[in-house]
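What follows is chain A paired twice: with chain B in the first complex and chain C in the second.
Up next is the complex of A and B:
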């Protein structure tokens, strides 16, 4: 963000000669001040302009276009001309049980894998690693980060191999003489949530490691001297101090999880039936299998709405500072 | 990069923007293209997702060589699209939307060609076909495969496919079933499967593709192979051509669902969780059949393509180990056997830069010698009379005669624009009875509801 330009001095604030104005001291009011302000604004804005133009071109225009398409009955194929249909797509969505099912599953997936899974596990790992010896830290970090840097599709195939009927998980259960089953079939949403936790925890861990490093050691030590146990220190000192990181992390995690597609597509294709069909998969089915681009775009806008809803909640969480 | 917790406010504002950007770019993603060069013909085709299968690539490379020799100064640019079927269609349709990205020649599935014609993506070929003597060699059903409701033809088919029952002679022997098995009714098929289940434990008696994960394979190899055997064999049980409406509430539909229900309820098919695995097709031709784990497979004529030399699942002795039988009609009523056909065509996009050159390429591909080479290479079924009559074709591969004979009693799908949605609705009904979540009646009635919304209420009750 640029700094706010100083107030213009009044009616005589018109143009004047360029050049030396910049060398004058800041508190010295003069008619030249206004020009200086203008120059300052320009020197700040000019370097930004390519970015602004690019943002407009690649963000605002496509989003605007998407918003427009959401109000049409545009199809990928099977239609000579599309027409404007108002809110019909949105009405169809809210009447469609498959859509409502997808919304519900998206919420389950997000809460399970992002809020509960990645976030909590990431914090736990970061806390444990904070106290661990350097070799342990490095090793754990390397393993967890490997899961994170794997492409989504590769991770999907790995976890498909882990959960499938002849997969690793069942082999382990067999070895322990526990009953095995086809997890992708019996508990698909849990399996994909677990996969997302496996893949995304590293990110939370990194965020929290950084946050924990920033807590001054004296405070923790003082609390220790005062006789606070591990849980109390966590609850009364650590958590309040890293509150802002928790907010940021939750928001990033949630938005990323809301848009997970490849992982679920590879593991279950949203099935069996619609039992793991989250909103991105529902959107894909509508857009590219049923060719209904307009309708799918409307669903995409609704998904954006869900995302921004979460964002607003987290931003409020961030605002209340300690 | 190491993310830190510093300055979360800025991140907070940025994140929704990033999310918006990702969503927006994902939805509007499109390729870039250059204008066309008048001497280069650009050809898009579907490349197998299995790296070891190069049948199409090899064939086109050969035709490209012939073409460039025959038309000096002209060049062929092959633009492979490596994707499974459904993603291939999507990519192609996106390319066809703009003159910048539209190739000169595309490989189109008859499944979607009508939809793309309605969208105005393709060019009618009638002026070219009228001047092309080889067109008379194509059988009539094949000529109609790419004919639109406007009566114009939009594609040249390069073969078709038919479907039937593949059975494992070894398993049949153990079960005491004949090596020249030919069931006359659905009950005969189920009876054979029950015998296998009883006498040869450890193998899957019968595979019928089902549910959404198998996609169009469930609809076409599975459901429609049953449905089209339920009525008198002349009228279409899915679509009423006289009123141009889709058929709801038919007894045949329920009977076909009931067959699927029986297969999975009586555990004659694969374990339900395997049947609904997205990779079931690869599992059937790659593992179950070659390893002698499946008694009967209701599947397509193209299976041997996967068992060719260098295909990764090499199985040259399949013709000794597998037998072939026609899929019978429900009660053995005329014509006694059922097959469904689809296949692919070569079509010219309406936004193509070099349509004339593209048609010249089709002509090179469809000389008798080249067409025959193609059918043999990809285990395709000929739609050309001259090739079908050629002994070299008929003896090129075991099974070709069997599947070519089926062309006479085969059915084409009502591949109108609503068909993909109807197909999904069928898969959902199948899945309902496969898992046992729905009774046959419930699944059939929910199909009727889906059908109404999928076809904008263009439905007639039977």
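Up next is the complex of A and C:
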């Protein structure tokens, strides 16, 4: 992974990449300390090497390769005949309405399901759990966490059954004499966003439960005695005290949501048409239905860059802990 | 005064209970559907009481080609992937946790950065790369990639757990002439048993449920893990037998749910991952 920080805009991550730091420290040893150096190498670097080799070969090299083929016209059929095309793939992307549609849908999907859905519902659940009775708390926790632990495809399939025309949601709406519709056809992006909330809320709930546990009880009680109502306590005391948790949770949810593929694939295949085709599905379609590996990789690189940007912010948030 | 406070508490608790139960019911519907349908001879897509409980759906799917082979494939992929992840991350975490070095900080920052990279984004280039080096459609290629993609988070977690083991215990062993490898295996790892369990179970669960990686890297149907083969129920078999699909979902999901429960119990109900990333 030594190449990763160099792509990131963090200035001192670049300056202190593992490579140079290592040669430097070996260089400054006097000959007397040779076997000390050897010992250090054995105890420090040898245990790191299997992990580093795996990370380099299977993550860093693909990322590097990604950055390279994004600038070629590599196709699925003609491996040997790819040539360098500069920024053509990126220009194509930003002129392609299907790509812009995918960007827009990814944005909608992320904001709806991660920022609003998982985050807010997770916080609400954690807050309610703080006050609820134990059996209800345990039951709710178990159900929400089960949804989280389920394999991605199973989750997708369960929500597919839920939203289908002949599925559970419409059965309930019929029972309530409310109009039903074919959700996966009329509002696919809403359906997959709900699915992502269903699947991902447990994580926020756990993070916020842990954060709320750490707020000293006296502070909330004092505010209560002073007559601060529930919403005011939430706004002026709880939220400011857990703001670091909010930051890291939002970041992780966003990154997670950015790379959702299986859930949407199972539920809608990105359809109907391209009405639920987020960037990962668009990338897949370009690579394998249209055989445009180079172009699909350019899209992947953009996705990776957005992810890296979030990663860097996340690192800043956690920085003091390293 | 005390009375009003306690009665206010009670009504607030009732409100919280009611709110939670509404959410729980909504979340439970899809889960309820899969359990009921798997036992229903005439399952369709909505939640309903089965017309007569039956295990026919399970009988129909518990066959080598439909269930056992994909589950075995999943077990091989995730078992070896997890083994590789745990061994490599334990080794890597040791110097990071035990020795001061100028390497540690940049390395850990790189790891943290890699932890949050969207793996989905690199699947197309990984596919292209695997085609070039003949790793496409091989179990070992997929295992290596699984391990590599899980490693950043595993190292991060493992290092945090290892920091919790006091160094003094090892120093005694060192004076007795134990090497650092010996003290890692004999002293540190046993003392951080729950931590190792969390990393193991978490890695396994992530790989077990992962769809996109084997979907891209494996081509031969015989090698497909359950996460991909479940997809076949939809596409290629024409009429979808929802009862069987539900039964398969239950069989496929049960191991990870049991594993999760096991680890959550062992850690006293609290969940260490939530704590490890809460910042």
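Please note the rule applied: the second predicted complex is superposed on the first by the 250 of 322 C-alpha atoms of A that agree within 3 Å, B and C clash if a C-alpha of one lies under 4 Å from a C-alpha of the other, contacts with A are read in each partner's own complex, and residues count from 1 in each chain.
In the analysis below, contacts are C-beta pairs under 8 Å (C-beta built on N, C-alpha and C of every residue); 3 or more make two chains touch, one makes a residue touch a chain.
If you're wondering where the values come from, they're calculated on a predicted model, not measured in any experiment.
Peer 1: Report for A:247: first if it touches chain B alone, second if chain C alone, otherwise both or neither.
Peer 2: In the superposition, A:247 contacts both chain B and chain C.
Peer 1: Contacts for A:162 in the overlay, against chain B (first) and chain C (second): which applies, first, second, both or neither?
Peer 2: Only chain C is touched by A:162; chain B is not.
Peer 1: Return first, second, both or neither, reflecting whether A:151 touches chain B, chain C, both chains, or no partner chain.
Peer 2: second
Peer 1: Touch test for A:255: chain B only (first), chain C only (second), both, or neither?
Peer 2: Both partners, chain B and chain C.
Peer 1: Quick check on the superposed pair: does A:143 touch chain B, chain C, both, or neither? Answer first, second, both or neither.
Peer 2: In the superposed model, A:143 contacts chain C only, not chain B.
Peer 1: Between chain B and chain C, whom does A:128 touch in the aligned arrangement: first, second, both, or neither?
Peer 2: second
Peer 1: Check the contacts made with chain A and report whether chain B or chain C touches more of its residues.
Peer 2: Partner touching more chain A residues in the overlay: C.
Peer 1: May I ask you to decide whether A:273 touches chain B, chain C, both, or neither, giving the answer as first, second, both or neither?
Peer 2: A:273: touches chain B, not chain C.
Peer 1: Would you sort A:185 into first (chain B), second (chain C), both or neither based on which partner it touches?
Peer 2: first
Peer 1: Looking at the overlay, what does A:75 touch: chain B (first), chain C (second), both, or neither?
Peer 2: After superposition on chain A, A:75 lies in contact with chain B alone.
Peer 1: Just to be sure I follow: which residues of chain A are touched by chain B in one complex and then by chain C in the other one?
Peer 2: Correct list for chain A: 1, 58-59, 62-63, 65-66, 79, 164, 203, 206-207, 210-211, 244-245, 247-248, 251-252, 255, 258-259, 297, 300, 303-304, 307-308, 311, 314-315, 318.
Peer 1: Flag every residue of chain C that touches chain A in the complex, lowest number first.
Peer 2: On the chain C side, the touching residues are 12-13, 15-17, 19-21, 23-24, 27-31, 33-34, 37, 44-48, 84, 87-89, 91-92, 94-96, 99, 101-103, 105-129, 131-132, 144-145, 147-149, 151-152, 155, 180-181, 184, 205, 208-212, 215, 226-228, 230-231, 234, 242, 245, 249, 252-253, 256-257, 260, 270-271, 273-275, 277-279.
Peer 1: Residue numbers of chain A touching chain C in their complex, please.
Peer 2: Listed in rising order, the residues of chain A that touch chain C are 1-2, 4-5, 8, 13, 16-18, 21-22, 24-25, 40, 43-45, 47-48, 50-52, 54-55, 57-59, 61-63, 65-66, 69, 74, 79, 121, 124-125, 128-133, 136-137, 139-140, 143-147, 149-154, 157-159, 161-162, 164, 166-168, 170-171, 198, 203, 206-207, 209-211, 244-245, 247-249, 251-252, 255, 258-262, 265-266, 280, 283-284, 287, 293, 296-297, 300-301, 303-304, 307-308, 310-312, 314-315, 317-319, 321-322.
Peer 1: Note which residues of chain A are touching chain B in the complex, please.
Peer 2: Within the complex, chain A contacts chain B at residues 1, 58-59, 62-63, 65-66, 75-80, 164-165, 182, 184-186, 203, 206-207, 210-211, 214, 242, 244-245, 247-248, 251-252, 255, 258-259, 268-273, 285, 288-291, 297, 300, 303-304, 307-308, 311, 314-315, 318.
Peer 1: Write out the stretch or stretches of chain B touching chain A in their complex.
Peer 2: Touching chain A: residues 2-5, 8-12, 15-25, 27-28, 86-87, 89-90, 93-94, 112, 114-116, 118-121, 211-213, 271-274, 276-278, 417-418, 420-421, 424, 428, 431-432, 435, 437 of chain B.
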